[in-house]
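Read the structure below first, then the notes.
All chains are identified by letter, namely A, B, C, D, E and F, in their written order; residue positions are counted from 1 within each chain.
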Amino acid sequence: MKVVTFGEIMLRLSPASLERLVQAKALEVVYGGGEANVAVSLANYGHEAYFVTKLPKHEIGESALNELRRYGVNTSYIARGGERLGIYYLETGASLRPSKVIYDRSHSAISEAKPQDFDFKKIFKGASWFHWSGITPALSPQVAKILEAACIEAKAQGLKISVDLNYRKKLWSPEEAQKVMIPLMKYVDVCIGNEEDAEKVLGFKSGSNIEHGELNVEGYKNSFLAMRKQFGFKVIATTLRQSHSATHNTWSALILADDFYQSRKYEINPIVDRVGGGDSFSGGLIHGLLTTDYKNALEFAVAASALKHTISGDFNHASEEEVLALCGGDTSGRVQR
Amino acid sequence: MKVVTFGEIMLRLSPASLERLVQAKALEVVYGGGEANVAVSLANYGHEAYFVTKLPKHEIGESALNELRRYGVNTSYIARGGERLGIYYLETGASLRPSKVIYDRSHSAISEAKPQDFDFKKIFKGASWFHWSGITPALSPQVAKILEAACIEAKAQGLKISVDLNYRKKLWSPEEAQKVMIPLMKYVDVCIGNEEDAEKVLGFKSGSNIEHGELNVEGYKNSFLAMRKQFGFKVIATTLRQSHSATHNTWSALILADDFYQSRKYEINPIVDRVGGGDSFSGGLIHGLLTTDYKNALEFAVAASALKHTISGDFNHASEEEVLALCGGDTSGRVQR
Amino acid sequence: MKVVTFGEIMLRLSPASLERLVQAKALEVVYGGGEANVAVSLANYGHEAYFVTKLPKHEIGESALNELRRYGVNTSYIARGGERLGIYYLETGASLRPSKVIYDRSHSAISEAKPQDFDFKKIFKGASWFHWSGITPALSPQVAKILEAACIEAKAQGLKISVDLNYRKKLWSPEEAQKVMIPLMKYVDVCIGNEEDAEKVLGFKSGSNIEHGELNVEGYKNSFLAMRKQFGFKVIATTLRQSHSATHNTWSALILADDFYQSRKYEINPIVDRVGGGDSFSGGLIHGLLTTDYKNALEFAVAASALKHTISGDFNHASEEEVLALCGGDTSGRVQR
Amino acid sequence: MKVVTFGEIMLRLSPASLERLVQAKALEVVYGGGEANVAVSLANYGHEAYFVTKLPKHEIGESALNELRRYGVNTSYIARGGERLGIYYLETGASLRPSKVIYDRSHSAISEAKPQDFDFKKIFKGASWFHWSGITPALSPQVAKILEAACIEAKAQGLKISVDLNYRKKLWSPEEAQKVMIPLMKYVDVCIGNEEDAEKVLGFKSGSNIEHGELNVEGYKNSFLAMRKQFGFKVIATTLRQSHSATHNTWSALILADDFYQSRKYEINPIVDRVGGGDSFSGGLIHGLLTTDYKNALEFAVAASALKHTISGDFNHASEEEVLALCGGDTSGRVQR
Amino acid sequence: MKVVTFGEIMLRLSPASLERLVQAKALEVVYGGGEANVAVSLANYGHEAYFVTKLPKHEIGESALNELRRYGVNTSYIARGGERLGIYYLETGASLRPSKVIYDRSHSAISEAKPQDFDFKKIFKGASWFHWSGITPALSPQVAKILEAACIEAKAQGLKISVDLNYRKKLWSPEEAQKVMIPLMKYVDVCIGNEEDAEKVLGFKSGSNIEHGELNVEGYKNSFLAMRKQFGFKVIATTLRQSHSATHNTWSALILADDFYQSRKYEINPIVDRVGGGDSFSGGLIHGLLTTDYKNALEFAVAASALKHTISGDFNHASEEEVLALCGGDTSGRVQR
Amino acid sequence: MKVVTFGEIMLRLSPASLERLVQAKALEVVYGGGEANVAVSLANYGHEAYFVTKLPKHEIGESALNELRRYGVNTSYIARGGERLGIYYLETGASLRPSKVIYDRSHSAISEAKPQDFDFKKIFKGASWFHWSGITPALSPQVAKILEAACIEAKAQGLKISVDLNYRKKLWSPEEAQKVMIPLMKYVDVCIGNEEDAEKVLGFKSGSNIEHGELNVEGYKNSFLAMRKQFGFKVIATTLRQSHSATHNTWSALILADDFYQSRKYEINPIVDRVGGGDSFSGGLIHGLLTTDYKNALEFAVAASALKHTISGDFNHASEEEVLALCGGDTSGRVQR
């Protein structure tokens, strides 16, 4: 299936192993960003995945593009030009020490992109699905407008649209977010995000009273039902992370589609790299919804994203076969010869 | 004591730290193989350990030989010539993601070795023990024949013979294995392997009904007694691995000699490198059987192999003193100054 | 506040990641030593921290000095000259395999320093605190004399003095230690160390009968009261380490000041680098005693040193803000964006 | 323009910097092979470059494919399957010490490919050029047959065909080479190779008596004229390497097309990596012949390949703009800001 | 002597060894910038060197500051705050392939600094010299104003002022440069730069007609005399680089002070890192002018900067003693034991 | 042939590539020392080479021993015990910047060895040659005595003895050297060293007036004749190094045996690592004198040591075949496939 994602890819710079930034003499290069990560997941599962963005013409922009190409993402519709590639510095935590992200993403090529950089009529031809996250419209009012036009075109061509709400407080305030995001929700079929995200990004309040970090499944169900009522989403899903330490998390997910369903839980210990965990869930969920029923889709998505936590970098280098093996219940980690 | 092992050593190529193979820009070089690993263990415990194989004449063959020499293995009887050194690619897993091995070992120098490459009469002179694994005869019918001749010579010179059954499905089918292996068992004094191995490699069925991964000690005992009856082994031993994840295993072992005995259990978390874990058990067991009683031998072997899981590479770089400290019960990991 | 520490800094050489020393082809360079580590902690918390020692004039001595400067320690009173920089080789353990330290510190510049190398009258001008450990007087009788003179000068200028008892069996015997250390205790306001240390270094016996590794809080309290009585310390504190493995420790601390107080406990798993853990406790405690009450001081110190276990190298690269966040109870390790 | 190349890509393993193979603890991973290298050059110059081969289905095969994709080569027609990826070990020389290559390429997937693995009718649709080297038919008689069928199809569809004669003595003898290669020459428009190659691969003898390494331009001209007469090539070109040491070469080239022409000379000192130098010449020449006259084509090709010697790996990571700047005469190496 | 420099320090990111940016998987971290580099040189020669700039409060800003501190630069007057640290990507060339710099420095903290960030009255107290380059006022009109105020204060306190003209076409046009720079020249005692720089930055035309890259010493002398006449500089100096390739340069310098003088020439082959070469000349010249006569100052400066070309990173890690040894004529490179 | 060498092996620590020591964050580990290096060369040429020394019992001592074993040196007679392994820090120079060595070798195990550590009667059994250098007796008076006893035993068993005069000013003064060395010369058959060495170590003055660095061959001949007359050496040889820069040397050698002979000259550019260059000459010369005539021996030795300059580390990893290829005149550095 042809799937299109639209957003920002950044240069990620992180010290080797578990060094702190103030100790680093070299920084490892990874390229990543919400929608790019989703595109890589989908390419790994055999889809024709397109990532759309704008990248500067120099070698750093070229390298970001090359990395996408390398893992099978179609980059034909990436515009070239603009000032710079956004950067984020990542310091990976361990045990009691949290990971830390420093953003240096202002003035990136994509944040200053113009409508004429993208021909969505052409881009969406033959496509089945369009995915974006709450980060994309937060990049700049300009990009928010481009995104809205893309949603309209996608709907016109009959694509399914999914959004990962993903609130980023460094990019905008809840008020700014809501002003932009609420009008976009009418194009969305599949919403990924929980009550907390929905509160900040959509101004949503369910009254179901879920404490942060608590696994009140009934509360989530009520909250999802209310979100569906208010915004008309066909599917709502979210991951549930219990964070015991920077190294050890419990991971599961919930979905509301035909009915409400809770996935199995995974103990992830140690975590190798949790950045991109949410995106790998979105990638897995889209693949699942395109190919199977909503329960299996959720199980695929949560297994895919559990695996992601054991893989370094933003991208989820896991095949459909590997995800299915984990879904199938083999968590023993025995050597595959 | 002089101990001789015979088999294949391969070039192992693995990405740094926990990268996946598709992410790697460099591969770490390790040399290893069942019988070579056993020889290194024995050299570490102070024995005169010989490893016998055939290696190509070029620098890659030389490097494998050098690595053995470096860690005190006598390489005087390694034949030189042939096409290539076998390779295996290893991707180390973590948590829910299993380690993965890709073999590229066909057409190796040892698999195409000829009888005249080895003078076992000379090789075994003054030796006490001969060890090999089920991988050696699986390399090629030629090597199986060389091995049988070696066993006959070893018996003639009065050596003890141990085998690690080690079934490798990429090398042969159970039928092929049994045809070659069963006739070789009459030379074997010490058999390392459990009912599962015995079933595939020796066609053995105890009827004791042990579920995979379960610690049914009584069942194992019955199974060992039946194996002893059928094949005449003087000693039968096996490790028991409970695999909670790629990072966390519980490790213990069983032996049938004068009587049946179960070792203490070790929690290994995190595992640094579990490849060679079984070989380090064999190395520890041979050392133990050469120097102490069967119960202490088993405790030494299981502690040695528990330690191996915390050491990178195929070889067990642990001294007798370090193994004994662990046997003695200090699992606290306190800094040794 | 101006704080002065006096002692030895060494070149630490350790294999990358979890390799054993016999496998290493390169060694990572870290500089560290008890009192230097304390000075770095204090510089991180915003104090004017001076480290006093003697370093050889060549590039290796220069590099040790540079590393201190880099992290904000004032190095103006470091004497230059002498033969060599002391070295310690560190092999980091994992799970059942303990870390291992090999010292090569004899004949270092500081151990052969002379009284005229340091002008403590000038060094202590305007300072509030002087810290040293039991390692400093163990370096040589000469250094013990220099230290005593420094203590006298510090008291004359009204500084608080703290000591970390820190017994090192490779440097001196209990008898030698007691002969030097007991007379120095009269200058000490704050003593860091437990009954065990006190027994070896001070010949102290409380009769409170604490088993090694046991958390007999009442016993500790009695022991601390007895130490206070015998030596006149105003404050006594110690850390409590429960070592489950080289990778997993439980960490807490005790203090006797106005009253007796036990800190909260931290599970540290995995440990990244536990060398310098005790020094980061001392650094945190001095900061705490300089800025808050004894209970908060202890909580700050134990949180600081828990964090240190997750940071590579001897130095504790953690800010006051990060330590306070952990004190405040957030142990979830969630990504800080 | 669409250009197709067909051949083998191998995993290249080489020690870091200038280490010898017997010193290596890690090997750097590069993927390369004559025709793959040409395809990358052409992709860099903006062509639609296809590389056709067969790669095993596992991660190592995937990684070779990914590396091609990463640099813009179209991999849609690469067949998947077979046993292994060919390997070559490269030790880079310096000064008086030559570089050394150890091949481990037998039994590769491409050498055991079958006609049905490739649909050249489809592959050549819309293409302008087909390039291969003398290595391809040397891989196996099977591959030689596939190649002949491809040549016939290419001619039928009106493509230009170029060959780089490239004799490899480890793959076949001159007799074997000539038996296969001579009948293929009738399909060839552009022949890259000198009298020496032509003698071994085509059994050609001009009688013009050129001493090895000598720059007898008149002799080359006569030799080229004779080759044209005998084989009907429209264009003949060759590079001229004067090898002063492993680090310092003089590099130029000759062409016979409308007329005979000698390029300018480049001093290359130091050489960073000369593997792939000839392939980058072929890539540059094809680009030149597709876009400009034969003299400019030769100057582009020789400048491109001079640049390649300063770039690590098999691939020539140089843009058309960079090659043109060097062609234009700027050899000063001044920093480009 | 106390010397103050004022300008920008950037994070420099470059691939290991001689890789191209599109090949890099990790980037080496160096911090550097014209005036910071000069400050490090002066600290190495024993001066009290201050570097003044503004750095963001996060860990990347902290790391830049730490690197200056590490090498002995006083950082007390560095303001903290602002958005980001400027970045430049550096690809090191070899032989025919030039080095390449990609700037990503817009919106840096220093470029958006405000007058109140710096108290130059306090900063210059007790100082002898103030150095800046043409890059500083090019950062923003704001910074140009701060610089002018600093020059006025420096003159008021009797400091010598030196400028390195250093035209950067990515930062401003000649017209913009001249508008800002010409009025600043009245404060300058020592001007570093040649006719070319003077033309772009100062609109200067001598009519002496020097061809680029040519060593027309008489022409330079006339040009310097004219510059002195027009701008009133007490000393004018420039380096002369003959660039044979990215790896091999000839390096010398000229000065006009009491009289005109040409330094000895150095062959630099290979160049390890030529970035910062000009800054190390400025640092050497300031040191020379502060401590000796103008001829020896020039010889010191040119030897210092020749050495810099053999040292990686922006900073010149060479001691006064090492520079003097080279000045003294020992270019043999014999091992110093 | 069995050859024995006796002396010190040290841990060499050097920054990666061309960094300076003050920049290093990791140090590469190499083991080397004059006589150890000679032993490795001889093992590479197929001799049974023994290196005799004393090494501490810990892992660092073990690693030095392992490295010798790895490259085929017999380590059976290495004594174990003592305090520490000597260290030298090496900073590799480039172009105008010389390499720099910092020694930290005092108090090493070998320097404090005792006569009973070595049983030279047994060690020399069946040996043909004994080699040592002027460094060995400089280690301590104790070692000088052990060496003298070894020389007496070697002569008694009929071995040839060679010495490399090798004056080290950090270890002793000329006066001390002469007092120890002159009496040892009566045991020496082959003396390696030039007039300069001979002057410092042996107090020799030929009056032939050779300027340092000059290639006055007639002068060398006269000087050698005088040395032969005074000390009775059968063979005298020396290398001649013309040091154009740290990167570029011209290398040749002279010998006086049956007659006087000068070798061919080699241009070495770039030098990869010149440490051990002299030792590789000694190793080549001993091999040559054991297997061929003195002229061919000299050519072999000078070619071997020219090659060494292109190989990193102290050891000369070059085979007899490779040395002979260079002797045979192939200096073109063409790739060996």
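Just so it is clear, contacts are C-beta pairs under 8 Å (C-beta built on N, C-alpha and C of every residue); 3 or more make two chains touch, one makes a residue touch a chain.
Note that the structure is a prediction, hence the values are computed from the model and not measured.
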item	value
Selected pair, greater C-beta contact count between C-E and D-F	D-F
Greatest separation from subunit B - chain, by CA centre	E
Chain centre separation in whole Å, for subunit D relative to subunit B (CA means)	45
Chain centre separation in whole Å, for subunit E relative to subunit B (CA means)	62
Contacts with two or more other chains, residues of subunit A listed in rising order	17, 20, 22, 25, 66, 71, 100, 270
Complete list of chain pairs which touch one another	A-B, A-C, A-D, A-E, B-C, B-D, B-F, C-E, C-F, D-E, D-F, E-F
Interface residues, subunit F side, partner subunit C - complex	13, 16, 20-22, 24-29, 58-60, 62-63, 66, 83-84, 87, 89, 91, 100, 102, 104, 106-107
Contact set on subunit E toward subunit C in their complex	66-67, 69-72
List of subunit D residues in touch with subunit E within their complex	17, 71, 266-272, 306-307, 309-313, 317-318, 322, 326, 331-337
Partner subunit C, residues of subunit A touching it in the complex	17-20, 22-23, 93-101, 103, 168-170, 213, 243-248, 270, 274-275
